[in-house]
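Chain nomenclature is as follows: A, B and C, assigned in order of appearance, with residue numbering initiated at 1 for each chain independently.
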Amino acid sequence: MADRRRINGPPAGTRPPVYASLKESKTGVSERTLRQRQPTELRKFYLKTGMIPTASGSSYLEFAPSAALAAARSNPKSLIPPSSALKVACTVHGPKPLPRSVPFSPNLLLTTHVKFAPFAARKRKGHVRDTTERDLGVHLETALRGAIIAERWPKSGLDITLTIVEAEDDRWWGDAPDSHDASWGMLNVLAGCITAASAAIADAHIDCLDLVSGGVAALVSDDASTAPRLVLDVDPAEHRSIQSACVVAYMPARDEITELWLKGDSSRAALEKSDGRTGHEALIDGAVDAARGANTILTDAVRESIARSFAQV
Amino acid sequence: MASSATTGNPMPPSLSMPPSQFARLQPHAYLRAHLSPPSSDQPSVRANGRATSQFRVTSVNTGSLTHANGSAVVRIGDTTAVCGVRAELLHTSDISSWGVSQAPSKQNPTNTNEAKDSKSEDEDDQGQIQDLNLLVPNLSLSTGCAPGLTPGAPPSALAQSLSHQILSLLHTTNLVRADDLRIWYQPPNFDSEEFHNPGEGMEVDTEQSGGPEREIKAFWVLYIDIMILSMAGNAFDAAWASVLAALRDTKLPNAWWDDDNETILCSDDFAEAHRLTLRGLPIASSFCCFEGDAAAGWRANVIPDAEEQKKKKGSQQKWILADPDGYEEGLTQERACVVVDKENGKTIIVKMEKHGGWNVDSDDLRKLVDVSSQRWDDLKQALEQC
Amino acid sequence: MVSPILSQLNRPDGSAAYKCPATGYNILGAVNGPVELPARRDALKPEEATVEVFVKPGTTTAGVAERYVEGILRSVLGKVVLGREKGFPRRGVIITLAIAGGENMDRGDSYLTILPSLLHAALLSMISASVPLSMTFSAALFGVTKTGDIVRDPSPTAAKASVSLHVFAISSKGHLLLNESEGRFDFDTWELVHQRALSVCQGTASADGDVTMGEGAASASLHGLIREAVEDQIYSDYAYKLDSI
């Protein structure tokens, strides 16, 4: 049954284009660009609040394009982008009275919606929210609920909407999905969503315990012989395979984690001999470090938001 | 606010309040007070500081999205629209009515380059684009762009009607050429020498005339998705401008029918990709009509005749506001939209609509067309700069 | 010309069947109002009636195009209904228009060809339901051919072939209530079509006296047709009174 509320494409469906030159490309894109950053070096990102004046609070987060992507943009050779850079727009509406149908609540009720734009990823996304998007929404809600002081707004609701204009890759585009493959890009998206939502909530002047920010760390193996090593802020397109990855939502002032999501097998980490930590401990510590790094940019963005609201008064 | 803190003062507290409060409590009177000029020789200024026929600052940015064939971000004041165009393939073998509806003789494209603006080709184009659903625009408002629109809900009536308006305008303006979307295939000439080596023979065959007829193997389908990230009035102008800019930015890869794999293959070479050649540059300008006396319909049920209304001079009764923001849209019911294009300096109206009231008459519409053609120049500049 | 039939249906407060002779569209309209809309409590306006329009295509379920045309009809009819009369504020006037016959609308079609029929059916249904109106109106479709001729009520095939299509709704007092034009045209052409629309709807000889002659004396103005339809209905409704006189 076609969706009567949208304009539909051809009834038989369409196929995404298949590129002929995956193996012997003339344009030289068939080589994976490897990670240039240090294992503990984070990607730069841009975070700005108040971009959407119709909302109570809003923010826009954009990751700096990787070197390969930046080169492909300035001097395009191939139509296949080497990697992607996360772009998230976040709006916060509220606190507002709950609709009549909702029963009494002594706390602020949080609703989170994460939606990918149809053109966000390599594969075209549908208009209806799929399980991935719902899953991200639930994780995000958990991450934020721990930071918001909800009892200050009884009988109220807060709508947080995130639009993913451009998502992260799950793997390098030329790789076939293998056995221990998962949607690694989703972890990066979640970390970005947490940071963006945190900025938007602060922009909407909602009381929080602390600014919560997201961070990702991963155990990656670039060749099969060596044990996987720990890198912070992983870009899945830059690695041959990711063994395990972890995203946290972290509040630095209180040293608290509000959300933790760990995927994959973290038992075979290549750590220093003196390091007594297990693989997953190292992974979580790495993710927390990444979140700390993101927090500095978040703090600047929020400071700017406050300066703007003071200027208005 | 002045308070009566000075003890013993019998004066009541002052009734002054900041303009922002006034704007919320008495929106109609607030806008009217702004628009009524202090003296008759001064022009009206709107609450947002613009002149009545002034548009908001418009910025266009294209090609910033990695995974779209063409993309654009258009900001008109506080309204932001992001448009991404994704191209996918529709094989003619997937079209159930293909063999029936298409006579092979009709598909001869030899005259496309010479007779680009001939009406018959236009019609043929439109027929194929429309019948096969090759353009699929969808607008989404559920991005939290405005407080009233619940995110995650199915498209509201407004979103649906905006999507339809965009599709309808794409069809009536014939903006996209069907020939840009066709993927042709020249079957190898099996009588000729190259029969044993069809892969190499293909390019040679295209030059020959005696072989089998060229046929369409597939079409590009353009999924045009518009996300309104921020909605502060006049969503249609922003959405249409973003569609136009994204289509101008769209690059389709070079694609061909591969006889061995029986599928369409594309080249990822940027140099081989082609841009769409659009027909004209239709640009939309929206207006709303603010009635000075909102209570007129409340008090008097008798509405004067159109002729009488025209003769009645005196205090101004209506203001036509270009590019209304969200506040102004909430205070007006009458809307007008003019889509114009220019050809050799001559203004051509592509679409004109007005409804929701009776204050805008044909004289006003003539002025709106002039304003729209000025807007065309401004927006063309913005589109070409990016 | 087939005269419209008023108050054909028993259940709704008012109804009308309108068949456009030229385009062949057959519209069945039904109006309920004023009615309580408990489900829409948040959307109801405190001072006036809420006008809701539903358009049901004959062969499929309603889609995006219907949402669009409903929006246009709502804004035109909402202005004409005296929604501040006693009993109307905080209530709804619900207009349902079913397209019972005629060409099907394709995906992305502009709906211009059917718009006059929908407007007429809606107006007559509202009159049948005794909804107070500030004015009546009539609407007409015009096509401009390649040679620049203005054709009134072109058939769907002729409408497809025309360079531009125009729909005008002119109120009984001469206001321009609605204009929808598309195609390629300049303002002078539009003005000509507008003049023609005024003469077709009002039936008065405009500056160009020939136009009214060209329509033929037999086919009266559209306003006249609407009026006749209502008069006929009143005559038959009160036939018992007339007989007793």
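Structure notes:
In this text, contacts are C-beta pairs under 8 Å (C-beta built on N, C-alpha and C of every residue); 3 or more make two chains touch, one makes a residue touch a chain.
To keep track of the chains, here are their UniProt names: A = 3' exoribonuclease family protein; B = Ribosomal RNA-processing protein 43; C = Exosome complex subunit Rrp46.
Here the structure is a predicted model, which means the values were calculated and not measured.
Among the chains, the centre nearest to the mean of all shown protein C-alpha atoms is found for B.
For this structure, the chains sharing the highest number of C-beta contacts are A-B. Farthest from chain A, judged by the mean position of CA atoms in each chain, is C. We define each chain's centre as the mean of its Cα atoms; on that basis chain B and chain C (Exosome complex subunit Rrp46) are separated by 27 Å. In this assembly, the C-alpha centroid of chain A lies 31 Å from the C-alpha centroid of chain B.
Chain C (Exosome complex subunit Rrp46) has its Cα centroid 52 Å from the Cα centroid of chain A. Taken residue by residue, chain B touches two or more other chains at 133, 160, 163-164, 167, whereas all remaining positions touch fewer.
Multi-chain contact residues of chain A, defined as those touching 2 or more other chains: 5-8.
For chain C (Exosome complex subunit Rrp46), residues touching at least two other chains, in rising order: 63-64, 107-108.
By the touch rule above, chain A contacts chain C (Exosome complex subunit Rrp46) in their complex via residues 4-8, 100. Looking at the complex, you find that chain A touches chain B at residues 5-21, 25-27, 29, 51-56, 58, 65, 69, 73, 76-81, 83-85, 87, 89-93, 96, 113, 115, 117-122, 124, 127, 129, 159-161, 163, 165-166. Against chain B, in their complex, chain C (Exosome complex subunit Rrp46) makes its touches with residues 47, 63-65, 67-68, 70-72, 75-76, 78-79, 82, 84, 106-110, 134-135, 146, 161, 171, 173-187, 190-191, 194. Within the complex, the chain C (Exosome complex subunit Rrp46) residues that touch chain A are 41, 61-64, 107-108. Remark: chain B residues 119, 123, 130-131, 133, 135, 157-158, 160-161, 163-165, 167-172, 297-298, 301, 303-307, 309, 333-335, 341, 346-358, 360-362, 365-366, 369 touch chain C (Exosome complex subunit Rrp46) in the complex.
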